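One structure coming up, written as structure tokens, with questions to follow.
Read from first to last, the chains carry the letters A, B, C, D, E and F; within each, the first residue is number 1.
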């Protein structure tokens, strides 16, 4: 059977402060600049999740994208949307909320929950001009 | 001379909590829902500012959009980008940071500073799906 | 109080055939071309609804956009999304489903259901390049 | 009959130099900056043309947007697409090619050629962030 | 010579019903939900086709994208635009029109027709949020 | 450490004429069509640059995207923005300014200047519908 890749984009709004608590304020300011402003800021994030697998010959799907959407809503958006990524999310404790780290954390959150297909890519857009992608490597 | 309208779009990232300090937490939660989550969230705002006026017959501009861009950078983005709209901005003190109120505050910030043309519209997009527009009325 | 305009964009996918049953097939073909192909086609519609009114001084909203979104979901999307606009929608019976006519029908569907603000515009995008707007005039 | 507004967006790529030949090079540089660089630059322009009128009760159109598209192709894009706006276009001779001036020139090009509806707006986007609109006023 | 990849995006509007005629209506409803509504719906599809090959040292092209555009218009859009994908297209007979299956069918339609370069990817967006990609694997 | 890919998009406006000076005008016209019009045209280019590498465990970055943005501004945009790509740019002398060739030239311009990460892709969009990508192959 042909192998294809299907992608679902979802969005969420969240606040964050790019800040490493192992470093002092001056070090944070020196590394992260305005991204470490003390009272935080936020973004409209766009999340693109791609899964890869054989197309089911009867159904015609690699994976039902409504099921992938539901999984993203339950496992990711329910926790991240309208949240503060530094303090509100248990599975982001100890994660400096850079786009790279968020993409890896979302990958780890999803990896064991896709059946019948392989998680291929998690790409997170922080703005229309900045993104990070993790492929599990 | 023909009268035209020119628009400049700029963007900024900011954090906010939609919260009225004259009300208690439960009232805020009842009115604003997840938008009043205690630790805040944020957005990639898109701001569209339109000015209207005669086209200068020699230059061909209603207003040099690089000048409008500079004005927006100095008077709006310098304060709002990477800021927390509830606590970091002097001219937003006492403003509940809804999109409507932000559009009015940005209008008031700009109104006296455009010469040779008339401020016609301030439209602020909080997300790709929500916006508020103020025309000074 | 300042008067502002707030807009909510929503989307739906629908099928249609641009066809007037008072005319014969050849007349339909002559007027509408490929848009009247007998088995129909469809679009990802984008609907922008704008309401206008005073900003509530305590709350800071013209109208809660989550309430407007809910209204659009209940009164418009529940009927139009994944539907065939020629045959599935009671309130579109006898409407040739051009973008103009759909905008007017959606306006009429919403007009009596907005409280505390005035419906100002219904703009419907059939594609990224074609739209129709109705302002109740 | 209800009055509606229909819009067609088209695009074209063109080169230009913002330069007024009544002024010397230094004056041009002082007014237009890098936009007057001697060898020119260019843009992917997006043109939005809106016409307004009664919806024809039988057909359901204010104006067939395929006809509007054809008019734009014949009267505007045939001359402007892949052209240099300073030297290639007869009806832009003596026009400093600012966005404002181009919008007015396109309006004048179209105004007598729309039948059964009223030309309402010509909006030209030079980039995703800069536009000018002319409404015939 | 350097090897590069060039991509052309085109769009088409089509109707479909996600429905497998080997299954009964209840099974279809259970698998596809509203996507199998009996009278169909439709989409504005965006199709991205990528070809890969050496850059011709004299011409500077992997493949003239106007030629790729022409090929897509003749071999794909002429059949799919304004069509009903379930009944109007000979080369989609017996294909359940999921995005995955359509991507594979379009690949097969194009594969033998690109000369001087290798077809690398067919990506089809059903909406701005859902896509499927086939790389011939 | 996990390996991720980060992307920065930037834009510039430039003029060009697709023209090979080793060929005569008729040959150029035959190969490039309107793209070789003698007075040139131009585009709003979008440039996407991706770098790949380990995520720094302390900082959480593959590479600070503000540093990548700065590099692109200094090494690419300072030369290309508002320029004529045929005559104004030293490092494009003898390059026929097709999108493919520009992507390779930008890659070569950047390749030695990224430290701590690997340049993975340079993708250049000439319009929203046409792009070329070079991965150093």
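Quick notes on this structure:
Keep in mind that, in the parts below, contacts are C-beta pairs under 8 Å (C-beta built on N, C-alpha and C of every residue); 3 or more make two chains touch, one makes a residue touch a chain.
For clarity, every value in this text was computed on a predicted model and none was experimentally measured.
Which listed pair repeats A-E comes down to matching contact pairs by residue number; over half match for B-C among B-C, A-B or D-F.
Here A-B and A-F are compared, and the pair linked by more C-beta contacts is A-B.
At the interface between chain E and chain F, under half of the residue numbers appear on both sides, which makes the contact a different-residue one.
We define each chain's centre as the mean of its Cα atoms; on that basis chain B and chain D are separated by 28 Å.
Centroids of chain B and chain F (each the mean of its C-alpha atoms) stand 33 Å apart. Chain B has residues 128 in contact with two or more other chains.
Viewed as a network of touching protein chains, the structure does not reduce to a path, ring, star or complete graph. Remark: the chains found to touch one another pair up as A-B, A-E, A-F, B-C, B-D, C-D, C-E, D-F, E-F. By the touch criterion given at the top, residues 11, 13-16, 34-35, 37, 39-44, 81-84, 86-88, 127-128 of chain E touch chain C in their complex. Listed in rising order, the residues of chain E touching chain A in the complex are 18, 20, 22-23, 31, 33, 95-101, 103-104, 128-135, 137. Those residues of chain A lying in contact with chain E across their complex are 2-10, 55, 58-62, 64-66.
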